[in-house]
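Below are two complexes that have chain A in common, paired first with chain B and then with chain C.
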Partner chain A sequence: MTNKDKIRLIEDALELGQNTINEDTLLGDIHGYDSMARLTLIVLCDDEFNKKLTGEQIREFKTVKDILDFMG
Partner chain B sequence: MINPLDFTGKQILIAGAAAGIGKETAILLSRLGARVLLIDINEDGLKEAASCLEGSGHHLFCFDLSELNEIEPKVKEIVLSHGPIDGFVHCLGVRCRRPLSMITPKVLNEIFSLNFGSFLELVRCITKKNNFNEGLSIVGISSVSSQKGGMSVTAYAASKAAMDSAVRCLAKELASKKIRLNTVVPAQINTPAYTSFLKMNAGIEDETLSRQYLGMGEPIDVANVIAFLLNTSSKFITGSSIPVDGGFLSS
Partner chain C sequence: MKVKQIINSEFSSNTYIISDPASDWVWLIDIGEFDEVLNCLNKEVLVRGVFITHPHFDHIYGINQLIDNFPDCKVYISEEGRKALFSDKLNLSYYHNESIIFRGSNVQILCETDKIGLFERCFLETLETPGHNQGCLTFKIEEYLFTGDSYIPNVEVVTKLKGGNKEASKKSLQKISDNICENTIICPGHGEMRNNKRR
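Our next item is the complex of A and B:
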């Protein structure tokens, strides 16, 4: 899956408009990026990529790229 | 001297016995004189649990209880080989955090199948004529989340509420067959399932621990109550949901 597709998945999961984020976007700058948003991404990583992201790990991530790198 | 929790000569089926509350219940019942029949999908876990049992006459069955259509032939096989059941404890389920947006029909079906569907199907099969002895007692493990709302646990909580509700109905329906059903309602208990559940905590406030003012529960705390509910000591209790919650629901 390309990074573009992964970004699209993240945008859908977080109900962001298309092309509102890119690799360099700071997670803290995303509108509504709260604990439920983090949980949504944890579940997304598990469902789509079979990767177990923990609460502790995601809290260390700074940018969208950190999530893309984890997805593999 | 008497032992109000004597299980000598009794045969108890435990589904989900490889870890946590199920494993602790199996060990306790074996120490109280029961023969235990253990079911789990995890073969290594089952063998490890078996190594902790006391007494003899115990048996292990490794199969996937989410395959609901395969439960009936398995129960038939178990009863044919080992005789009718005196008690049944349902200790398995998936506990997960999922926001509503991620509870798709497929995921909801999986959670409900395992948590509730397997319970109902096992009860349906065990309560067929000749599969149980008079005085059969059935216990399911519910959760305080079935009564108290929590964020991101909708599917799990609903599956436990379904179990509580089914037990209230079945207790009435099966009373004439001298069958009792109850659930135990734990708050946070120190099990591997809880540890995994904690890992998914993305910062969502979990007030459960602060409300259960007796502290963290241990599997034996729940196993003790399950043993009581399985025993004739509780013969006047049915259709109930018994909190084992360190004070949570009262606080």
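Our next item is the complex of A and C:
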């Protein structure tokens, strides 16, 4: 899966419009990026990539790229 | 009838204790911090049942402790919600700190318009309000409307979690709105209770 595909998955999961974020987007700048959004991404990583992301880990992520790198 | 709100530590969800001065039992809406509930009850008071607005971990995490202490307590929930009681992936606790899988079996399924007697001349009515989660219910008791996360005043409904559906949420919000009248007291799943008169 390309980074573009992964970004699309993140946009869908967070109910963002298409092409509203990129690798460099700061997570804190994403509209509605709160504890629920983080939980949504944790579920996404488990469902789509079979990777268990913890709450502590995701709170340390700064940009979209940090999530992409975790997805592998 | 009296309603007491408890604000839980997980995501500041609410548990409500429904009591009646003439009765030696109470009912709960959602169950978070069980010890906090216990602190509010006299020793001789029984918890007869808990009504679950939806099966996310922050609204059910005290459920096993509740059943351990009150083995006859019934759990009222939607059919979709029942499945999530027994699945930590569906109730999302798997992705959080601690897995929660219900250890009891005393579950009663609630559907649209189902009515349960709580106290003498006091009933709970059920509204199905999917959207935040497929298994969301709203409960109406006299002038109180317990909306869970289907409607939190001034907060956009979260539909991005597993089992969420934006279109269903819009319909549910309309249904909830149709059930709000001048004297309604809204008791959401998070945040303050709100008297509709003070809108």
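Throughout what follows, the second predicted complex is superposed on the first by the 72 of 72 C-alpha atoms of A that agree within 3 Å, B and C clash if a C-alpha of one lies under 4 Å from a C-alpha of the other, contacts with A are read in each partner's own complex, and residues count from 1 in each chain.
FYI, contacts are C-beta pairs under 8 Å (C-beta built on N, C-alpha and C of every residue); 3 or more make two chains touch, one makes a residue touch a chain.
Everything numeric here is computed off the predicted structure, so don't read it as measured data.
On the superposed chain A, the positions of chain B and chain C overlap enough to count as a clash. In the superposition on chain A, A:Arg59 contacts chain B only, with no contact to chain C.
Partner contacting the larger number of chain A residues, of chain B and chain C: B.
Touch criterion not met for A:Ile67: it reaches neither chain B nor chain C. Of the two partner chains, neither chain B nor chain C is touched by A:Leu9.
In the superposition on chain A, contact is made by A:Leu39 with both chain B and chain C. Overlap of the chain B and chain C contact sets on chain A: residues 13, 15, 35-36, 39-40, 42-43, 47, 55.
Looking at the complex, you find that chain A touches chain C at residues 13-15, 32, 35-37, 39-40, 42-43, 46-47, 55. Chain contact summary for the complex, chain A toward chain B: residues 13, 15, 34-36, 38-40, 42-44, 47, 52, 54-56, 58-59.
Those residues of chain B that touch chain A in the shared complex are 97-99, 101-102, 107, 151-152, 198-205.
Residues 11, 89, 92, 94-97, 156, 158-162, 166 of chain C touch chain A in their complex.
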